[in-house]
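These are the structures, in structure tokens.
You will see chain A twice below: alongside chain B first, and alongside chain C after that.
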Partner chain A sequence: MSYNSFIYLFPFLSVSWLLWALAPQKWRPGVLLGASLVFYYASTQRYIVYILLAAAVAWGIGLLLERLNDLQAQTRPLLPAAERKSFKKQVAALKKMTVTGGVVTMAGILLFVKYLPFGARVLSQLLETLPGAPVLTVPSFVQPMGLSFFTLMAISYMVDVYRGTCKAAGRYWQVLLFLSFWPHAVEGPFDRYGALSPSLLDPPRPAYRDLTFGIQRIVWGLFKKMVIADRANMYVKAVFDDWTQYSGAATALGVLLYTLQLYAEFSGCMDIVCGSAELFGIHPAENFRQPFFSATVGEFWRRWHITLGAWLREYVFQPLILSKPMQVFTSFCREKVGPTAARQWPVWAGLGITWALIGLWHGAGWLYLLYGLYYFALQWLGELAEPALIRLAPGLPGWRKTRPYKLFQVLRTFLLVNLGMLIFRANGVWAALDMLRRLTIPYEGSLLIKVDARDMAVLAAGALVLFLVDWLHHRGHQLRAELSARPLPLRWAVYIGAVLAVMIFGAYGDNYDPAAFIYAQF
Partner chain B sequence: MHTIDEIIDLIREINPLLNPKPEEELIKSGKLTSVDVMSLVLALNGNFDIEITPLDLKEENFRTPQAILDMVERLEEE
Partner chain C sequence: MRSYIKHILHVGAFLLVLAMAVFLAGHYLMPHSNRYLSGYTAGGILGEDFDTIDVLVMGDSNAAQGISPMQWYCDSGITGYTYASGWLSVYNIYYRLRSIYEEQTPKVVILCTDVVYSRMGDETELQAAIGDITDELIPLVRFHDNWKDLTLQNLFEEHDYSWRDTNKGFTPITTVGASTRGDYMYNDGSREPIPALVRLYLERIVALCEEHDSELLLITVPASSSWNLARHNGIQGFADEYGLTYLDYNMAGLDPGIDWRTDTPDGGSHLNVLGAQKLTAALGACLTENYALEDHRGQPGFESWDKDAAAYTEIITDAAARNQEAADYQISVLEGTA
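This part shows the complex of A and B:
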């Protein structure tokens, strides 16, 4: 059930909302769970078993960790002082074993289903160099919808309970509702149990403001998806699928439109899902904060797919830097190289691994690995070059505060992100390299590839509206709140205008090939 | 006992463009990124007799040079 389908927007959302609004307060979480399971089952049928299993593991591990905490709190004060320390150590070791078991199980499901065929292929390719080596074949498994999302959310739940940053759920259905909650089950955001569960388990009463704000946001998401992303898809698909036919401006425009498509689609999807949750008074974490106004690629990734970056930072990058092997590496760097290397090299190693994982999270393949490492290389080289740049141009820190330099930084980041998008969308590593080469070859044909002048005009106007809205948000405006304070006729003119724009300019019908949400496949 | 200057010197080693005051905000303002914080953690672990764990990586512990000093002294006592 796609988030922009009629069946989702009308029968599913309206029936769910009505049942939820009419139900007594204590039954409302049950309605949300029922709706989530219907949504999930309608989309994946029998593969729903994966999420049921993941919730069972996470719930069980959470309870076990909570019991160990209780045991420590109740038993430790009763012990003689001499035994307290060793008892605390034993409980800590048990807790670590428990959470490790849960994390390994969840990561194991993800690795087995998503990455095993890729791993076998890589191993086969390596073995091919040896005479008489066997060819490894592994059956491909059907990847259940949202696997990469609910397994990581289950891991964050268990680790948060282990770290004591959230309380364990007492009942199985509470964890199942958190993992399967339909607005974040397909494309995220990666919510945290501690932040979402209060409103999920005890939702606010139905409110007119939540209803209207939710609908507004859904319409805005549909505008981005159907008017901008699906229209850009036609040009993008042609240029990337038949890349050898195009070069120069045609390829560059294809890359630019893919960046526009992915941003409009992914952030549009987040608007639809956050708007859907808002109807029920629930506010998932935000995944975008005007990323194209970033001065550096590091900043870009703090504003683009925010919850994935935050997840990897908290549950991979930080624990990795503080892990025992990294401590050994740090000591090695300190003794053999010096104090500067001891604080830089382990961080760079951790960054490299984290960026590789960001790439591979998007898919099991060399291209995705290259995509992650491209951003690592940019960040790493940027840090390495910084001291030399300051020496070459001592005025640089001062220039960075000026408006023209900030504009230069934003444009530079935009260009680098577009190159990253080329790698991300290309049909393989060689296609990506060939497309980069082709950018330098002039193109003399028409730029209206699979689209007409009207499509281009709608795309340009849509992109302009998107830019203006982002610019105003970047300047601190709260557009929805400001609009709600305007007179009724103006408000409704904007709402009706937005709905009409989707209906009139949305890319659907016989001439169009509406694309499935790109991030749903991850 | 350690001094605030020791902490500020470490921050300056991580980012030579910074020379923060003891109560100057470092995280929300973006003066220290998450990568800088991890470099600082490694430097703190190396220079003082402490072991910073993932549980200590909270914004309030790195908010200002003074907050970092407070964390170091608390961890040394534990």
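This part shows the complex of A and C:
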């Protein structure tokens, strides 16, 4: 059930909302759970078993950790002072074993289903170089919807309970609701149990403002997805799928439109899901904050798919940096190279691993690994080059505060992100390299590839509207709140205009191939 | 309580204004000519004089390329129209039939049954149903892409729905692409069930025809690549249940003489002119034998039909000759003499 389908928007969402609004308060979480399971089952049928299993493991581990905490709290004061320390140590070791078991199980499900075929392929290719080595064949498994999202959210839940940053859920259905909550079940955002559970388990009363604001955000998301992303897809698909036929301006426009498509589609999807949750008074974490106003690629990734970056920073990068092997590596750097290396090299190693994981999270393949490492290389080289740049241009720190330099930074980041998008969308590593080469070859054909001039006009107008809305948000405007204070004729004109724009200019119906949400496949 | 009522009234008023805007926009986006109302030339039925069509054929591309009503008029004076276009579904057909009844009173409605099992892409049954029904109920959804044809000049022009199709909904195809499937109606004893929502709308079509005193005849156009005995059994079961006549021209007993080497343009999905002439003749014979249909040739009020018949004869003679040429070449290729 796609988020922009009629079935989702009308029968599913409206019936769920009515049932939720009419239900007594104590039944409302039950309505949300029922709707989530219906949504999940309608989309994946029997593969629902994966999420049921993941919720059972996370819930069990959470309870066990809570019991161990209780045991410690109750038993420790009763023990003689001499035994308290060793008891605390034993409980800590047990807790660590428990959470490790949970994390390994969850990561195991993800690795087994998503990455085992890729791993076997890589191993097989390595073995091919040895004479008489066996050829490994591993069947590929059907990946249940949202696997990469609910497994990581389950890990964050268990680790948060372990760290004591959130309380364990007392009942299985509470964890199941958190993991399967339909607005974040397909493409995220990666919510945290501690942040979402209060409104999820005890939702606020139905509110007119939540209802209207939620619908407005859904319509805005549909505009991005159906008017901009799906129309750009026609050009993008032609250029990337048949890349050897195009070069120069045609390829460059394809890359540019893919960046527009991915941004409009992913952020549009987030608008639809956050708007859907807002109808029920629930506010999932935001995943985008006007990323194309970023001055650096590092900042871009703090504004793009925010919750994935935050998840990896908190549950991979930080534990990695503080891990024993990394401390050994730090000592080694200090002794063998020097204090600067001891400060920088472990961080770079941690960043390298984290960026590789960001790449691989998007898919099991060399291309995705290259995508992640591309951003690592940009940041790493940027830091390495910084001292040399300062030496070459001593006035640089001063220029950086000027407006033209800030604009230059934004444009530079935009260009680098576009190159990253080329890698991300290309049909393999060699295709990506070939497309990069082809960018330098002039193109003499028409730029209207699978689209006409009117499609291009709609795309340009859509991109302009998107830019203006992002710019106003960037400047601190709260557009929905500000609009709600305007006179009724103006408000209604804007709302009706938005709905008509989606219905008229949306790329749907017989003349278009329906494009699935890109991030839903991850 | 007062604020609840205020909010409900507010939402109601907004939805009313929105609905008006949607229907107004839908009106302006409807094609300016009935020629472009539907795929193939189905829209031409709106250009026919009221109550002149005695036999209405409804179906998808198989019907549009396989049944030529003008041949019936030339042979026996029966007036018919093939209202068919690519991927037309049972849901579309129900709503289109309802609107056709506003202008025509067909005595016989022929429903081509391949629409019962055809579905576009990987849509689920529910998705297909909702998509098609929305298309029919909200013109803006169906015609939204027509914004590309709008100009300031034609935006406020009156719609002209008087275009008539000489071929009466039939689209002649003159190419040949042999089907080599062999026997596709072998008996494996199975029956393909009719999807629940499709069945519901079939029942609504049966009721609609009864309501308008039309006799409903179910037929299946020969299609070696998409039809089989399990589907035949499914339709036969429905026909038996509702006491309808069902003629499956894929069955050996009714075979109009289709030669799958020469009578299909695309490996057995559709019929070309040679195949259509055979099927139309067989169906025409059935109509004259079993239904009391008037011979309208030379009758007042049917002058345009006589004129169209003359034009049609020229078109179809030329098309059949070109099709025969392609068929001869296909045979020579298959026999290795080309």
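Here, the second predicted complex is superposed on the first by the 522 of 522 C-alpha atoms of A that agree within 3 Å, B and C clash if a C-alpha of one lies under 4 Å from a C-alpha of the other, contacts with A are read in each partner's own complex, and residues count from 1 in each chain.
Convention: contacts are C-beta pairs under 8 Å (C-beta built on N, C-alpha and C of every residue); 3 or more make two chains touch, one makes a residue touch a chain.
Since this is a predicted model, take the numbers as computed values, not measurements.
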Clash-or-fit label for the pair chain B, chain C on chain A: fit
Touching partner for A:77 - first (chain B), second (chain C), both, neither: neither
Which of chain B and chain C A:5 touches, first, second, both or neither: second
Partner chain(s) touched by A:132 [first = chain B, second = chain C, both, neither]: neither
Touched chain A residues, chain B compared with chain C: B
Which of chain B and chain C A:487 touches, first, second, both or neither: neither
Angular separation of chain B and chain C about chain A, which is computed from CA centres of the superposed model and rounded to the nearest 10 °: 170
Contacts of A:397 with chain B and chain C, given as first, second, both or neither: first
Which superposed partner A:339 touches (first chain B, second chain C, both, neither): first
Chain B versus chain C as contact partner of A:496, first or second or both or neither: second
Shortest span in Å between Cα atoms of chain B and of chain C, once chain A is used as the common reference: 40
Where chain A meets both chain C and chain B, residue numbers: none
Complex contact set, residues of chain A against chain B: 163-164, 298-299, 313-314, 317-319, 321-322, 327, 330, 334, 339-340, 342-344, 346-347, 350-351, 379, 383, 387, 390, 397
Chain B to chain A touching residues, read off their complex: 13-14, 16-17, 30, 33-35, 38-43, 45-46, 52-55, 57
Touch list for chain A against partner chain C, complex: 5-7, 11, 208, 452, 454, 492, 495-496, 499-500, 503-506, 508-511, 514
Complex contacts: residues of chain C adjacent to chain A: 3, 7, 14, 17-18, 21-22, 25, 29, 87, 121, 126-127, 130-131, 134-135, 140-142, 144-145, 147-148
